[in-house]
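See structure below.
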Amino acid sequence: MDFSFSVGDREYKLKVKKMEGNGILVTVGKKKFHATVDFICPDEFIMNINGRVYDVIINAENHSYSVCINGKFFEIEKKTALQLLGTAEEKSGRKEVKTSMPGRIVEVLVEEGDRVKKGQPVLVLEAMKMQNEIKAPQPGKVTELSLNPGDSVEANAHLFAVVNEMT
Amino acid sequence: MDFSFSVGDREYKLKVKKMEGNGILVTVGKKKFHATVDFICPDEFIMNINGRVYDVIINAENHSYSVCINGKFFEIEKKTALQLLGTAEEKSGRKEVKTSMPGRIVEVLVEEGDRVKKGQPVLVLEAMKMQNEIKAPQPGKVTELSLNPGDSVEANAHLFAVVNEMT
Amino acid sequence: MDNKGKTFSKILISNRGEIAVRIIRACREMGIKPVAVFSEADRTALHVRLSEEAYCIGKAKPVESYLNVDAVIEAAKKSGAEAIHPGYGFLAENSDFVSRCEKEGLVFIGPGSKAMDLMGRKTKSRAIMAEAGVPIIPGTVEPITRKEDLVSVAVKLGFPVLLKASSGGGGKGLRRVDHKNELLSAFNLACSEAESSFDDASVYIEKYIEEPHHIEIQILADHHGNTVYLGERECSIQRRYQKVVEETPSPFLDEETRFHMGEIAVKAAQAVNYRNAGTVEFVVDKDKHFYFLEMNTRLQVEHPVTEMVTGIDLVKSQIEIAAGKPLRFGQKDIQAKGHAIECRIYAEDPDNQFMPSPGKIIHMRTPSGGLGIRNDNGVYEGFTVPMDYDPLLSKLITWGNTRTEAIQRMQRALSEYQVYGIKTTIPFFKRILSHPDFCQGNYNTHFIADLEKEKIKKERDDLEVALMAAGIRTYQESRSGLNRRSGTKDSNWKIQGRIKNFMNRL
Amino acid sequence: MDNKGKTFSKILISNRGEIAVRIIRACREMGIKPVAVFSEADRTALHVRLSEEAYCIGKAKPVESYLNVDAVIEAAKKSGAEAIHPGYGFLAENSDFVSRCEKEGLVFIGPGSKAMDLMGRKTKSRAIMAEAGVPIIPGTVEPITRKEDLVSVAVKLGFPVLLKASSGGGGKGLRRVDHKNELLSAFNLACSEAESSFDDASVYIEKYIEEPHHIEIQILADHHGNTVYLGERECSIQRRYQKVVEETPSPFLDEETRFHMGEIAVKAAQAVNYRNAGTVEFVVDKDKHFYFLEMNTRLQVEHPVTEMVTGIDLVKSQIEIAAGKPLRFGQKDIQAKGHAIECRIYAEDPDNQFMPSPGKIIHMRTPSGGLGIRNDNGVYEGFTVPMDYDPLLSKLITWGNTRTEAIQRMQRALSEYQVYGIKTTIPFFKRILSHPDFCQGNYNTHFIADLEKEKIKKERDDLEVALMAAGIRTYQESRSGLNRRSGTKDSNWKIQGRIKNFMNRL
């Protein structure tokens, strides 16, 4: 079985093949790995590669995998046409800022259309009793900003975008 | 909703009624209990009865409930025609002995048909490196015994029965 | 009065999270029935599950539940509790609440309202301390009310200066200002945070100490005239004035300074007739001169490190003191052994500016076993961390014969600690605990800010393994007809959602 | 040689369960890479999950895996481990295995083969001890080979007598005989158990001591001539000669006897040139006369109680000694502080004659948090406890300033400990820890047998609540369309079964 995954902006080709017993053969790029796999439950398993033990927790959400290997986190995307589009968008110089947490907007420090420097505070968001400055991820023009002080936002909500016209 | 449960040889009638919010009204026999119920997952919930907190783990297997209340275990049966039959059988004086663990028969100390005293060893079963004497649960005649030394038994397997002819 | 025998038969704990759980455990060990209170957001919280009795006191918003004095008092009355333990935060340093308890005939487990009130007003307490001969940092004694004063005072003290909330604590409403032109905006932010956190916008100003250490002394005072100190806690590892790692003994102090600080802390407590557990916070400069910062009139988050080296259970001591018992030990009986470190595990994303990360904990494996490991937890696998409160999940504490052993234990414990579903500060602690400056005990309050400037080596070590795992998972899913809905633990929580909706709908 | 710096870079642990996990943790704290071995039954065991490397060494049956010397040595060679830690049980007291390690250039973390061999032969060791001036119990010095001798020796000693496996330990192959007419059947059972447990049917006979205490002394001996003792462990709470609760200090001993036993234990160890950690077991009669019972030439199950009061990590000490380092402490540096108790949590059903209860752990909540709690676990939620091994799941240890505090902590910890899916001895420990005789420290080795004669008050307290829970569960199930298959955590394990079958089938 063949897969294509991406991590950040790098792409990886994989082949997975079932072997005898608990064995499995995985080809990552040009490297071959022989492993045994023992499931604890569907999203937890132990991989053993030539004696080295990897304790895996993995969760799939649409085409996104959140993988925890011996306590270290990795975000992996399964490649689809949609994602290729996303990458194209990134390249156009637009960077979207979302919030990872639900909260309340305390202050909006710039107006839509303003030019900002990288790291310049755009919003102040209060969540879990702390006020957090949300900063511009790159220099450029602030767009898609329609929040006002007092607004509540959910986790993963869009806050604003910054378009870098240089690219 | 009405239920009939049994614990040991006692029977209990229950009525369960949903109230406002997380509230629930349960009638056990003639007593009424108002509780709030908050689920953590389908087999774990918190019951709060007038402030008193009960942490519940519960698992249903056919008509049998295994209930853990604040760490204390209870076995509860839902009454069915089949179980009534079982009770009748109990009353006839037959007591069946099962093993709670898988293991291996080391020795058979009596023969089928032998009369035994209560507590008299009938079998020696080895499991988890320990030898355990399996004793007669009541005085009477040993029946349905067909195991031999060296036999393996699964958890919950029938071992033998003792029939008390006095009843 | 004997220090054996009954103290109380029921105690209500007016708090949530790990500290409520900690107090419940102390009560259970003393044969006292613990009574919990909870908000709508905490219906299935760990402190509710472990309590004997629990009462809902209102909505998620703190002012409608954990800060609601009437609701807390009502629950205490209903349960028949004789005493209230406030934990830290919420009502713990609210002297009006203490007065109310006193009026209602409920024992407040903490100092009297008068001592609390004195120490709570940061500027007032500085004045009292100065009078009692306790060294204080140069700065204003009253809150700044006029913006003109702000500038003149700051210029007189010389930059950098610190702006501090008069009712503050825990780093909220605290701002360091390096230049005159940042002064006004920092003041506004500090006032606004102070207002929203403590319902009191007053802010005062202090000289900022260079290369400072934040070191505090734990004290205990009973109602029989005994006041003792239980050594110090080094709390200089701070991020945005919020402590993240604490340890005892301090790798920076010498025996003489330690002794001197202990004596002064006792003096400070005695100056206000202090009772119960309290902490005297000092800022210590690079030449080991120390200045009184404030007194926290309650149990500290970081109290476990003191417990680990002294063997003294501070919560039990608090309860015994509140019940009028004399201390079980004198100053000479308090002998620290070994070294202890605490890491505060927060639901925050260290890869994303430490943004809070509330949500469902899908998997959780906590470190356990072996000598010298303690995990004061406030959550469990399957719990949804609410967005309404402080993101502290648990405190991981290790003890060792030496500082090196305590650090090695912490590294081991962190390597076993896995939380999945929400982000935590565990990876951040792994960085701190393996940092050469930390390992050598060579740090001050600037440590974290300096650390954040260091470039993080991007971990690509196990990337291929992660890719393999994703491949195996996809393969298994496609072949076995498993889909995510029925196949993951998460699905249980989805089903739970269905049940809840159903329960609420009927 | 310095006691700082490197010891080994890799250690293979030839064991499973909680002790393998315990040793892995010590390795990780010392910066040593732990290598695990596992049988087919232990593919997903905790010791595998926590190791750095792991190798399958054979089938479930111990002789085909954990007792398979060749397979263990092969795994050690393959991994490049420099040393092997045997834990307890399995190969820990097999002197042939030690010789083999010595031959293969692998460091065995334990005594040399000669000392082990001497102490392992119970009758031989008694002779050596008698010669060295260590008091021993009257009895045979050689195994009984002729049944005629059995009767004559027993009659000469006077009943009751004890039959003991020459290669025994852990209560296996041990029988107390009160009357002449029980002698032969008891002898046969003891020989058969000895044969199946230790592959050696030899059994010897000893005078049975009345109202005995079983008290042991921990010793450590390095390769530089230093031998120290680390206080005693009271192990009189036994069921069928199997220890279930241990504590230190013993509530029975006085300071003088304690000191005298320590000195004798060191003498015993020195008599055989003993190295590494060892335990000298004594039986102590009601007048505090003590007799050498045997020496366990390995780490004991109950070693944590000693660690809790001394602060000394015994596994780390073992590793340092094996690496040739001198002890970090002398006899004077070893100061016990407070009191510690251990409960061995077994997968056994206390309501059903302590039948082993292997199977899937569906839910597990372990006690955590607060001062003085330690849980040395060997399993996790979701793990299937195999039927092939000793049913020890974990060891719960508490520490307190006083014995009373340690007991109260244990009671609290037990109340939080919930295992669902298999039966455990937790309810049994709740009975012991609340028993007046235990709480007063007034017990000997007959305690459990006496306890088992006491009538158990049938718990009906929360029965109505349990019925309510069953009603609510049924109601919810019928209304929400949930069925057991998709609704419980258990279903994940069912799905797992499907996956496994699938993986194996392909």
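Labels for the chains are A, B, C and D, by order of writing; each one numbers its residues from 1.
Here is the rule we go by: contacts are C-beta pairs under 8 Å (C-beta built on N, C-alpha and C of every residue); 3 or more make two chains touch, one makes a residue touch a chain.
Values in this document were obtained by computation on a predicted structure and should not be read as measured data.
Counting C-beta pairs in contact across B-C and across B-D shows that the higher total falls to B-D. If you average the CA atoms of chain A and of chain D, the two centres end up 47 Å from each other. Remark: chain B and chain D have CA centroids separated by 31 Å (rounded to whole angstrom).
Put simply, the C-alpha centre of chain A and that of chain B have 50 angstrom between them. In chain B, the residues touching two or more other chains are 18, 37, 39, 41-42, 44.
For chain D, residues touching at least two other chains, in rising order: 50, 415-416, 476, 482, 487-489, 492, 495, 499, 503, 506.
Taken together, the touching pairs give a contact graph of some other shape, not a line, ring, star or complete one. Pairs of chains that satisfy the touch definition comprise A-C, A-D, B-C, B-D, C-D. Listed in rising order, the residues of chain C touching chain D in the complex are 18, 21-22, 25-26, 28-31, 50, 304, 307-308, 311-313, 337-338, 365-366, 368-377, 380, 399, 401, 405, 408-409, 411-412, 415-416, 476, 479-480, 482, 486-489, 491-492, 495, 498-499, 502-503, 506.
Residues 172, 189, 192-193, 196-197, 347, 349, 352-359, 362-363, 387-391, 415-418, 420, 423, 426-427, 459, 461-478, 482, 484, 487-490 of chain D touch chain B in their complex. The residues of chain A lying in touch with chain C in their complex are 1, 3, 5, 7, 12, 14, 16, 18, 24, 26, 28, 31, 33, 35, 37, 39, 41-45, 47, 49, 54, 56-61, 65-74, 76, 78, 99-103, 106, 126-132, 135, 155.
Those residues of chain C that touch chain B in the shared complex are 35-36, 43-44, 48-56, 78-79, 382-383, 492-493, 495-496, 499-500, 503-504, 506. By the touch rule above, chain B contacts chain C in their complex via residues 18, 21-22, 36-42, 44, 46, 48, 51-53, 55.
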